[in-house]
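Order of writing sets the chain letters: A, B, C and D. Residues in each chain are counted from 1.
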Amino acid sequence: MAGNTFGKLFTVTTFGESHGIAIGGIIDGCPPGLEISESDLQVDLDRRKPGTSRYTTARREEDEVKILSGVFEGKTTGTSIGLLINNNDQRSNDYSKIKDTFRPGHADYTYQQKYGLRDYRGGGRSSARETAIRVAAGGVAKKYLKQHHGIEIHGFLSQLGPIKIDTIDHSVTNTNPFFCPDESKLEALDEYMRDLRKEGDSIGAKVSVVATNMPVGLGEPIFDRLDADLAHAMMGINAVKGVEIGDGFDTVMQKGSEHRDVMTPEGFLSNRAGGVLGGISSGQDLIVHMALKPTSSISVPGETIDINGQSTEVITKGRHDPCVGIRAVPIAEAMLALVVMDHLLRNRGQNADVQSTTPVIPGQA
Amino acid sequence: MAGNTFGKLFTVTTFGESHGIAIGGIIDGCPPGLEISESDLQVDLDRRKPGTSRYTTARREEDEVKILSGVFEGKTTGTSIGLLINNNDQRSNDYSKIKDTFRPGHADYTYQQKYGLRDYRGGGRSSARETAIRVAAGGVAKKYLKQHHGIEIHGFLSQLGPIKIDTIDHSVTNTNPFFCPDESKLEALDEYMRDLRKEGDSIGAKVSVVATNMPVGLGEPIFDRLDADLAHAMMGINAVKGVEIGDGFDTVMQKGSEHRDVMTPEGFLSNRAGGVLGGISSGQDLIVHMALKPTSSISVPGETIDINGQSTEVITKGRHDPCVGIRAVPIAEAMLALVVMDHLLRNRGQNADVQSTTPVIPGQA
Amino acid sequence: MAGNTFGKLFTVTTFGESHGIAIGGIIDGCPPGLEISESDLQVDLDRRKPGTSRYTTARREEDEVKILSGVFEGKTTGTSIGLLINNNDQRSNDYSKIKDTFRPGHADYTYQQKYGLRDYRGGGRSSARETAIRVAAGGVAKKYLKQHHGIEIHGFLSQLGPIKIDTIDHSVTNTNPFFCPDESKLEALDEYMRDLRKEGDSIGAKVSVVATNMPVGLGEPIFDRLDADLAHAMMGINAVKGVEIGDGFDTVMQKGSEHRDVMTPEGFLSNRAGGVLGGISSGQDLIVHMALKPTSSISVPGETIDINGQSTEVITKGRHDPCVGIRAVPIAEAMLALVVMDHLLRNRGQNADVQSTTPVIPGQA
Amino acid sequence: MAGNTFGKLFTVTTFGESHGIAIGGIIDGCPPGLEISESDLQVDLDRRKPGTSRYTTARREEDEVKILSGVFEGKTTGTSIGLLINNNDQRSNDYSKIKDTFRPGHADYTYQQKYGLRDYRGGGRSSARETAIRVAAGGVAKKYLKQHHGIEIHGFLSQLGPIKIDTIDHSVTNTNPFFCPDESKLEALDEYMRDLRKEGDSIGAKVSVVATNMPVGLGEPIFDRLDADLAHAMMGINAVKGVEIGDGFDTVMQKGSEHRDVMTPEGFLSNRAGGVLGGISSGQDLIVHMALKPTSSISVPGETIDINGQSTEVITKGRHDPCVGIRAVPIAEAMLALVVMDHLLRNRGQNADVQSTTPVIPGQA
C-alpha cells in the first residue's frame, strides 16, 4: 500500500486534502452488530475541531461526519463503513502566497520532490485536516472497545513548553481548551499562550494517552508488537517527534532492580513498563507519551527557498495554532483505539481457542 | 500476518526460539544482481554476538549464517533468500528453574496468557536470540543501500545510565565493546560496568542510529511515514521503551522560530527534524535515538508469581548482560537499513516516473 | 484486511450498499502527474450502466462519479484518490418482500449467517452495484497503462448460453448492447434474449478480456503470479464461476508437443499460454476467459427458506438482467487493468535496476 | 510482498530453488496447542513425491521435512513455524545444457527478462520442487481443520487427456499412482500413459478438490471472497491454466431456473454453486476443479531461442513426468487447506461475536 491504510484486520483508509472538496475514509473489518451513529463520532470530532478556543486556529471547520455505508438500522453490518466530511471552508486565496514557496519545517519541499507536484493549498494532503477522519474512525473503535471489553481511553496534555503537568484528573481534562488534567496549571497555560501569541511564535508539547481495563495478550511478536504498533501510530501523527511507552527515556538511567514491575497474586506492584511485556499487553494500563514539535507556521519571518531553489522569505499570515500539540489529544486517543482494536481482532483470529490455566492477575495490586 | 514479517516490498519473515534447533528467516523482494555472500552478513552478526567482551553475556553463540537460496553464482536472483543459523548452544537445563516461574519484566507471563503455553527455554521466541536474523537480513539491505545509493548507516551508544556521550567519532565506535563513539568515555564506562556487575544489577541505555547520503522522497504518507515506520522498527527491538526522530522530546520546549530547519540554496542550516519532513525524507541525515530499559535478568532476588498464580521468588543465575542496550547497536542499524530499503522500493514502485523540476538542496549547507 | 481492498501497491478499497446513500472507493498508490478527469472514468461507467438496452435491467442508475481528492489542476498528485457515486435510485420498497426471505443462488443466506444481520435492500453489499467503483478505479489504471506503456484492454462476450462467438472484431464490440465482437451473431442473440425474457428465465455467459502490448516480466512468483492474481480478480466478480488463462481447460486434452508456444527470434509462433509463463508475463497478449452463472433473480417461482429457516416461496418481481454476464465485460476490463497496474508498480519497485542482455522477442511472430 | 507469501492471517512464506542447498518455509499465525509432528506432514509429502510410480519422474527426492521452531513438547506454541527440506539430489550437470537455452512453455525466458539473470539448474525457483513446502504447510492446516472443525479435504484426478473419470470413490484415490477415484479407469490410464511415454510426449489433466463439513460464513467480500482466494491459490500451482468452482464453465449454458440451488429446511437440494454464495461458504461441500497443461519437458525435439535471442533446438533428456497433473493432487489439497484455514482465522477475527438467529441448514438435504 502507498501508506494511506492503517491496520491489518480493522483497517482505516483515508483520502482528502486540506482544501479539496471533501475528506473521507473507509473502515474495513468492523465487527457487525455494533450500535453506532454519526453523533457517536461527532463528540471527538468536536473536541479535535479548531477554533474551539482562542488558543487554536480561528479557522472554522464544520467537521460534520456522514456515515455512507456499513451501518443499517443503526447497527454495523460487518461490511465496509464509508465516512465523509465535506470541506466547507476553502479559502484557497489565503494560501496563494505559498504556491511557489517551501515553508521551513513543513512538507512542502519533500512532497514536491517526491511527487514532482503538490496541492499547495493549506498543505494539501500533509495538512492536519486529514486527522479528522482518523478521529471519526477511532470513535467506532472506541465504542466497540468500551461496550465489549470495558476498555476506556484517556488522552491529556502532560507538558506545554516549560509547563509540566503533575497531577492527572481525567474529570478535568475536557473542561478546558488545553485538555489539561491539572486545574492548578490552567492559569499558567493561559498566560503562557497569551505571551506566545503576542510574539507570533509557537511552542512544543507533550501529550499522553492511557487505556484502562486492558485485556492480557494483545500484540503480535516479533515485529507487530503492541508497543511497536503504538509507536508507528503515534509517530504518524503530524508534528510528533518522539514516542515513549511507560517510563520511556527515563529507563536509560534506571537499574534492573528498580525497573522491573513486580508481579504478585494481588497484581502488579508498579507499571514502569507501561502495560506491555515482550510486545504483548500485560493487563496493566497502557501508557503512551509523545512529543510534538512546535508548528513552523508562525508570523516570525524566516528565510527559505522557492520552487526554483532560490532564496526567499516566508511569513505565515493569519490563522494558526500557537501549539498544535493541544489538538493532538483526541487524535492520539483515536490512534490508540485503532491499534488496540486491530490487535484485539488479530489476537482472537489466531488465539480464539486458547484457554490459559494461569489466573489473570490485576493490572494494579 | 501474525507479526513475524517486517516490511511491505522488501520483507523479512523470521522464525526460531532461543533454544530450538535453529533460527532463520526469509528475505522477499531483494532486487536481483546484488553481489552478496555469507561473509558480508557475518560482519554485523559478529558485532552483535554476545561474549565479545566481558560486559556482555558469556554465552557462546556461533551465529554462523547460511544462505540457502536466492543467491546464484554470487549474485541475488530476485527470488526469496533463505537464511539459517543453527543453535549450537542449547543448555536447556540452565533454564529448567524458570519453567514454572514468570520472570518480572520478561514476556513469560504475557506469552503464557496469550498462547496458553510457551517454550520457556531461554525465553523461547521472546529471547533477543531472534534478532540475529534481523541483523543478517539488514546486512543485505545495508549492502544494497551502500552500493546503489551510497547510503551509510552508523549506530552507536549515546548514553549508558548516567554516562552521556558528547562527541561522536564513528571511527571510534567499533574499536571498543561499548560501541561508544567517544574515546574519552571508555574508562568511565569500564568502571561503571565493573561496579554494576559486582552488584549483580543492570542498567538502561540510549542508542542512536544515523543514515547519511539519504535521498529525498522516501516515506509514504499518511500512515507509513518514514518516521512512523522507523518508530515501529525500533520499538520492536527487545527492551526499547522510547524512540525519537531528530530532537525528539527536546522539541517539547522548543519554539517554532527556533525549531524550524532553515532551507537555503546551499542546503539546510540545521537538522532538528532528524531528516524527515511530513513523513518523507528530506535528504538530511536520518537521526534516530532509542531508550533501552535495563534487563530484568539480574542476580538481585525478586518477588514474582508462578504458573499457578502463586507467589514465589526469582533469581537469574549465570549468564546475562548487565546492559542489553549495548548489543542493540547493530540491531538498530539493521532495522534502519530494512526500513530505508523497503521505502526505497515502495517509492520507486509508485514514483519511478517522477521528474521534479525543483533542484535538490544538500542535507547540510 | 476484511476483503474490501484490492491490490498491493496500486490499491482500491471500496464501500457502499446497493440502496445506501452512496458507494465509493479510494485508490492508493496512483503515480503522480497522470492527467485524469471524471469524464475519463465516466466512459466505462456508462458502458457498465444498466438500462442501456432492453436486455439489461431497466433500473436507472445515474452512476455519476465524483473525484474528491488526489487530483489537482487536472493531474494526479500521488496522494489517495477518493471516488464517490451517489445512489439516486433507492426504491427500497421494491425489496421489502425479500427482507425475511433468502433468495436461492444469492448471498442473502450466507451474509445473514456470517454477520448475524444484513442490509437486505437490493442485496446490500452483495449487489453488483458495488462494481461501479471497480470500473471507475479501473479507468484510472487503464489510462495510465495506455499512456505510459501503450497497453490496451479489450473485453467482449464470447458465449451466451448456446450461442458461441467465433470471430472477434474489437471495432464491433461496443456498437451493440451485448458487447458482442461478431456482427453475424447479433440477430441470434437478439432472438434468444427475447425468448428468454418471455420465459422469465436467465442464462449464463462466457466473457473474455485481452490485453495487448504487454511488457515482459510482470508477475511475482511464487504465489502472486500474474495469472493467479488475474484468477483472484475475475473470480471476485459477481456470478463468475470459472476462470481460464489462454487455452484453459482445453489444455487437459492437449499434448506437450502441441501445447508449448514455440519461441523464434521473430517472436512466439502461438499463444496457448495466454501470455503468462511461470506466472510472469511473456510479452504475448494476455488472454483471460471467465464463466458467469445465470442470475437467480428470475420470475420463475422457486422454493426456498425464510429467516427462521422455514420453507417459503420466492419470485423475483420487476427489474432484472436475463443475462448478468453481459454487464461483466467492462468490469472484467477494469479488474484486468487493476491487476496489470499493480504488478507494473510491484515489478519496478523490486526490479527497476534490471538490464536484461537478452533481446525481447515480439509477442507474435 | 514480492509474492512468496500466501495468506493474510495464517501465512506461509517459502524459499528455495530446485537444485539449491534446501527449500523451506515459515508458517505464521498457526493457533497454539495443536499437536503436530513431522510425521503428520510427511504423509502428504510422500504422496506428492516423484518416483512413486513409473508414471512420474524417476528423480528421487527424499523430501524429509524438519520442523525447526514453533513446536514445543509436541504442540504448536503460536509462534512462527520454520520448515526445512534439504535437497539431496543436486545433479546440476543434468541441466547444464539448458543454461543458455530457453525451454518453450517454461519460465526460463520470463525469469531471465524479469530479473536479468536466473538459476537455470532444474528451473531454479520456477521448478515444482518448491511445492513440497506448500504441501508440508498445508498439512498443518489440514490437521487443524480436521481436529477443530471436522473438515476433510479430498483431491483426485478427474480427467487425464481423453479419459474422463465418472465415479468418485475417495477410498480408491490413494490406492493407485494416478490418484484416480474410479477403479474401472485404472487400466485405461495405465495403457494411455505407457503409449505416451513411448512417444516421449506429455498430456494435460483435470484435478478436483472437495472439502466436506464446511462451516457457513467463510470468505471476505468484496475482493477476498472464498472462491476468489481459491482461484488465486489454484491458479498459482505450476501448470494450472483454469479453475472452476462448482459447475464452473457448465454454467454458461445453464438457465437460472436450473442453476439455483434450492434451499429447504432439510438442506440444499443441489450444489451447482460448489459451496460458495456471494463469496461466502454456504456449508455445502466446497468443490474446486482445475486444468493442468501438459509439461513442455518432453523428448520430442522443438525449436526455441537461446539467451542471445538466436534460434536453437531443445530436447528434454532424462527424467520428466508425462503428466505433471497427477502430482498436483496433494498440492491442490494443501492449497485448499491453506485458504480455508486463513479464512477461518480471518472470519473469527472479525465475527467472533456473531450469534445468528437463523438456523444453519445442512449442506445436503
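In this text, a residue touches a chain if its C-beta (ideal position, glycine included) is under 8 Å from a C-beta of that chain, and two chains touch if they have at least 3 such contacts.
The model shown is predicted, which means the values in this text are computed figures rather than measured ones.
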Select the interface copy of A-C from among B-C, B-D or C-D: the correct pair shares over half of its contact pairs, counted by residue number. B-D
Looking at A-B and A-D, which pair shares more C-beta contacts? A-B
What whole-Å value do you get for the distance between chain A and chain B if each is reduced to the mean of its CA atoms? 26
Using mean CA coordinates as chain centres, what's the chain B-chain D distance in Å? 38
Taking each chain's centre as its mean C-alpha position, how far apart are chain A and chain D in Å? 45
Could you list which residues of chain A touch at least two other chains? 1-5, 8-10, 14, 29-30, 32-33, 78-79, 114-116, 125, 221, 346, 350-351, 354
Chain C residues touching chain B - in the complex, by the definition given at the top: 8-10, 29-33, 78-79, 148, 221, 345-346, 348-354
So in the complex, the part of chain D that touches chain B is made up of which residues? 1-5, 8-11, 13-17, 20-26, 28-30, 32-33, 66, 68-70, 72, 75, 77-82, 84, 114-119, 124-125
The chain C residues in contact with chain D across the complex are 1-6, 8, 14, 102, 104-107, 109-116, 125-126, 130, 159, 161-162, 196, 201-206, 216-217, 219-225, 227-236, 238, 241-265, 272-274, 277-283, 291-298, 300, 302-305, 307-311, 325, 346-347, 350-351, 354-361
